[in-house]
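Each chain carries a letter (A, B and C) given by its place in the written order, and its residues are counted from 1.
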C-alpha cells in the first residue's frame, strides 16, 4: 500500500549508509599501515582514491542504467556467460569474505584491548556479530533506515570531537607536504584502493534501490563526502600526533578519543565517543554480512539469501577467533595474496564489463 | 511462542556470562602520583601516593584517616609494580586517575631514562594528560615532602598546579602527550617541569630568575615548582630557570599566553623597576633560511603589555617620547635575555627546545630532504636573531603616576 | 409454560456451549415474522427468556380506528421511556386520522420518533431490541415497526485524567457513542467525515464506529482496517482496549501499533492527517490508526502553545525521554566499567559513601528501581484519603531511611528519582510502559557489559523500531524513510507553516492549505 515500505531505499538512506560504512576505515587499524607508507602525506590517499574511482563508477553507472533491474553479479553473468561469470563473481565474493573476517577480528581486538580488558574475545564477538546479524536479518531497508536515523547524531559527535581536539592541533606537522615523494604516494595509495570498494560493490544491491536517480545521487554524494571525511580524519591524526608516533601506535582512533577533552573539562569523554564508534562498527558489520551473503547467493544463483546470514555470521566468528593478536592480523591482512592484487581487479572489472557490453552492441538497443 | 522461548533461553545464557571487567568503585586503590627513582641493582624504586576517598567526602561518619597513603617499593621493572603493591595495599591498584609521574633527577640523568619512559608509554592504563615532573631530590622524598595544606586531596593539588602553567609560564606544559612526538621526532628537546621540596641556596632575584628551591619564602607548602628540566633523547641534560622557561615559551611558534606578570628595569631611574602584565595573543613569526649549511633564523615576538606600576614616578604614560623609550628599553632587555637562552641551548644543550624544527619542516617538499638536512645537527651553528615587537595597550586605572614630592607636603 | 421454559433454557445452554458456527444464529436468520401476533409474541418471549427476564417489557395497545391489537416490545434500561410515551404510544392512541388502507405506512404519518423502519426478519427484530429500539408488533401483519428510542445512561463529559493539558480544551470522551461522535463532529464540520459502523463480538454485538475523512484518508488503509475488524472472531469485545488488542498487528511486541487516546481534539487532528479513528459505545476513549513514533511522542500541548514555548516543552520531553531510558544504565556502566570517565572528586565521593554498603552497585540499582515501580503501581490504587500519607511514608522509608541504614548509597537515590521523574513527563501510556520495560532491559545489559551492552541493546532496539510497521506505515516515518511532511518531527515549525499532510499515510489530498509564501506574510 505504501510507496516506500516496499523494500527499496532512497538516496538518503543510500548516501548515509555508504558514508558511515566507508568512513569507519579511518578508525580501525588500517591507518597504521597506511601511515607507514605515506608518512605525513597520508591524507592525500583518500583524495586519490576518489579520483581514481570516478572512471569505474561511471562505467558501472551506465551499465546499471542499461539493465534496469539487474544487480552487479547478474550483469556479470549476463555479459560474460556462465563460467567466466562464476569465476569473476566468486573472486569478488572471496575478497569480501576475506575482508569481513579480517575486519571483524580487527575490531574485536581493538575493543577488547582498549576498553574491556578481561572480557574473552568470544563474548564481544557474539555481542557485536549477534547485533549485526539481528539488524541484517531485518533486511537491507532496515540497515539503510538505521543509517539515516543515526547519521545526524554521529555527525554532531564527530564535530564535537574535532572542536574539543582543536586545541592540540599543530598544523606544522603536515609539512613537508610531499612526505615521501609524489610517486611513492600515488603508488601506495593505488595499492590500497580496495579500502573504497564498497562503492563498486553497492551495485550488487541495485534492485533494492528505488531508481537510477537515487542510485546516482547516493553513490556520487557518498563518494565525495566519505573521501573528504576520510582525508579529514587522517589529517587530524597527523596534526595531533606526528607521523613518527603514528607508525608506532596501534590504535590511533582510540588514542584520539582518549586525548580530546582532557583538562579542558574534567572528564574523560572517551566512553562517549566509544559508544558512537561502536554503533558504527555494528552497522559496518551488518552491511558486510549482508553484502557477503548476497554476493555468495547471487554467484550461486540462489534467490533467497536471508537464511544464509546466520551461517555467515557463525563462520565469521569461528574463523576470526583464532587470530592471536593485531600484529599477526595486519601481516596476514596486508601480505595476503588476495589483497595485493585486488586493486586492479576492482578498477578493471567495471571497465571490462562496459567494454563487453559495448562490443556486444547492447548500448545500441538502449532506450535512449 | 516458540520464538519467545528460544529468545529467553539465549538471554539466560548471557546471564551466566558477562560481568567481566566489572569493578566496584570502593574496591580500588586510586594512585594519584607515581614517583620513580633509581634503585639498587639496576632496578627502580617506585613510590605510590594513593588517595583516600573518605577524606573530604560529606560522609556522616568522619573517618580519622590521612588524606593519602604513600608507599615505596623496590622493583626490577615497572610493569610488575602494580601487583607487587598488593603486598600491603588491600585494594586493586588502578592508574585510572593518575595525575603526575615524578622522576628523580638522578634517574633522569642516567641511561635508563629512555627505557623507563618507554615502559610508561606501553602501559595502556596511563592516560596521556599525566604531568611529567622531574624532582631535584629523590622522588620518594619529594612526594612525602609535599604537604599541601589547602587542598584536602592530593590529586586536586596537582590538577590545579598543572593548569597554572598557562597563566604564569614559569613551568612548561609537560604532559605525556607532548613528550612522545618530541622524542620520536628526534629534532628537539623536551622540557619537563622541575620541582623540589628541599630548600637550596636561596637568593633574592627578580621574580623569575629562580630555579626550584631557590625562592626565598617561609611558611606554606615547602614544595616549589618552577623552571624546567631539559631532556634530550630521553635523558636529562640540564635545567632552565623560570625566566628562561618563560622566554622559551615565548619563542615557540604556537604558544599563546594569556597574561603574565613581570618587572623590568626602569631605563631612566637605574635602581627602580616597572611592573607590567603582558600577553601574547598572536603567534610568533619565525622566518628561516635553510638554503645554506648554516641556518638563519629570524624571530619576531609580538607582545601586548599593560603597565601596572611605575616605582620611580617618572611619567612614561603621557609623554609619547618616553613611551617609545620605555618600549625600546624593555624590548632590548628581553632580546638580550632571549639571546642568552638561545646561546645556552646551542652550546650547552645542543638542541632546540623552541620547536623550531616544525618551521624547518615547512621549508622542504619531501621528508627525505628534511631528514638529509638534519636540523638537530645544524641547530647549534645557526644564526639566530630575535626581535620583540611590543605594544602598550593599557596603563592601569591611573594615567599619570603620583608625584611623590607633591603629596609629601 | 414449563415445557416452554425448559426448552428455552436448554436452548440457552446449548447456545452458551456451542461453537459460534453451530449456534442458533444461523437458523435464526431465515425466520420471518408471521402474521399471527401471538405466535410472534411467544417466539420473542422465548428468545428473551421471559418471564425470567423481568427487563423484557411488553405493552399491549388497542388502536381504535384500524381495530388492531398492537404490542410494544422493548428492553428495560435501554429505552428512553419518555420518547416511547410521547412519540409512539401517544400518537398511536390519540391520532385518529389513520385509515386501514394505508397499511403500515401510517408510521410515516403518525409516529413522531426520529427514526422508524419496517422489519420482517426475526433476527433483525431481536437485534433491534438489543440495540435499544422499540418494536411494534401489529396483528395480521408480517412486518413489524422498529423505532429508535435508544437511551443509555452515561457519565457526563469530564476532564481527561491521563492526558492533561494546560492550554487548550479539556474535554474527554465519555461512554456514549452519540456524545463522542458529537464531540468530534462539532470540531470538524466536513461533509466528507464518514462514520462507518461495524458490529463485532458474537454475543456482545458491540458497535464500532470507524471515522475517517473520505477525501483525505487512503482507501487502501480504510479497507485494511475494515478487514481487520471484521476478522475478529470473539464472543465479546467489550471495551476499546480489548478491541485494540484484537486489531493490533503484533501482540507480543513492546511497541504499540495503535494509539489510544481520551481526547477528541487529538482524534480530530489525526483525522485530518489521514488517520482513522475507532470509537465504541461503551468506552470513553478512541483508537487511532496507524501510529508513528511522533504520534506517540507529541502531545497536544506542543501545538497549542506558541512556537517557542511548544518547542521548549518538546526539548525537555526529548531529553527526559533519554534520561528515563538510559540513566540507571549509564550510571552502572560508568561506575563499574569506565571509571576514567568520572571526575576524580565525584569518584571519591561515590567511593566513600559506598564503602559501607554491603551490596554491589548493580544489586542496589535493581532494588531501588524495583521499589520505585512498586511505589508507582501502589500510587494508582491508593484511595485518595490516605494518598498523601503514603507518599510521605514511601519517600521517607525508601529514600532517607535506606541510606541511613547503609542499604543504598545516597547518589543512587538521586539517580532513581531523576529517572522516575523523567518518565512521568511522557504523556502516552504505551510509550511510558515501553520506556519502563526497556530501561530494565538496557540496565541488564549495561550491568553485564558496560557501555558495550548499552550500545548493542540500543542499536538493536533502533533496528527493531525502524523495521516495525503499523498498518503498513513504517513506525519511524516520516523521519526514516524520508517523506515530505510538515516537518513536525522533533521540533515543530509554526502552525501556519505546516501546510503539508504527512505523506506516509499516502493521503489523497496532500495539501492542508496554500503554501504560506503565497499567503499573507508573517515575520
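What we mean here is this: a contact is a pair of C-beta atoms (placed from the backbone, for glycine too) under 8 Å apart; a residue touches a chain by one contact, two chains touch by 3 or more.
On a predicted model such as this, the values are computed, not experimentally measured, just so you know.
Participant: Just list the two chains that share the greatest number of C-beta contact pairs.
Facilitator: A-C
Participant: Could you tell me which chain lies farthest from chain C when each chain's centre is the average position of its Cα atoms?
Facilitator: Chain centre farthest from chain C's centre: B.
Participant: If you average the Cα atoms of each chain, whose average lands nearest the overall Cα average?
Facilitator: Minimum centroid-to-centroid distance belongs to A.
Participant: Can you compute the centre-to-centre distance for chain B and chain C, using the mean CA position of each chain? Integer Å is fine.
Facilitator: 68
Participant: So the centre of each chain is just the mean of its C-alpha atoms; given that, what is the distance between chain A and chain C in Å?
Facilitator: About 47 Å, centre to centre.
Participant: Go ahead and note the Å separation of the Cα centroids belonging to chain A and chain B.
Facilitator: Their C-alpha centroids are separated by 42 Å.
Participant: Could you pull out the residues of chain C that touch at least 2 other chains?
Facilitator: Where chain C meets two or more other chains at a single residue, that happens at 337, 340, 344, 449-450, 453.
Participant: Could you list the positions in chain B whose residues touch two or more of the other chains?
Facilitator: Answer for chain B, listing residues that touch two or more other chains: 17-18, 21, 127, 159.
Participant: Enumerate the residues of chain A that touch no fewer than two other chains.
Facilitator: 116, 119, 123, 266, 268
Participant: Provide the residue numbers of chain A that touch chain C in the complex, in ascending order.
Facilitator: 1-5, 9-10, 12-13, 111, 115-116, 119, 123-124, 127-128, 130-131, 134-135, 138-139, 141-142, 144-146, 148-150, 266-272, 274-275, 278-279, 282-283
Participant: If we count contacts the way the header does, which residues on chain C are in touch with chain B in the complex?
Facilitator: Where chain C meets chain B, its residues are 252, 335-337, 339-340, 344-345, 347-355, 360-361, 447-450, 453.
Participant: Along chain A, where are the residues that touch chain B in the complex?
Facilitator: Touching chain B: residues 39-40, 113-114, 116-120, 123, 168, 170, 172-173, 175-181, 241-242, 244-245, 248, 255, 258-259, 262-263, 266, 268 of chain A.
Participant: Any idea which chain B residues touch chain C in the complex?
Facilitator: Going through chain B, the ones touching chain C are 4, 14-15, 17-19, 21-26, 28, 30, 51, 53-54, 56-59, 94, 96-97, 99, 127, 153, 155-156, 159.
Participant: For chain B, which residues count as touching chain A in their complex?
Facilitator: For chain B paired with chain A, touching residues are 17-18, 20-21, 124, 127-129, 159, 162-163, 177, 180-181, 184-186, 253-254, 358-359, 361-370.
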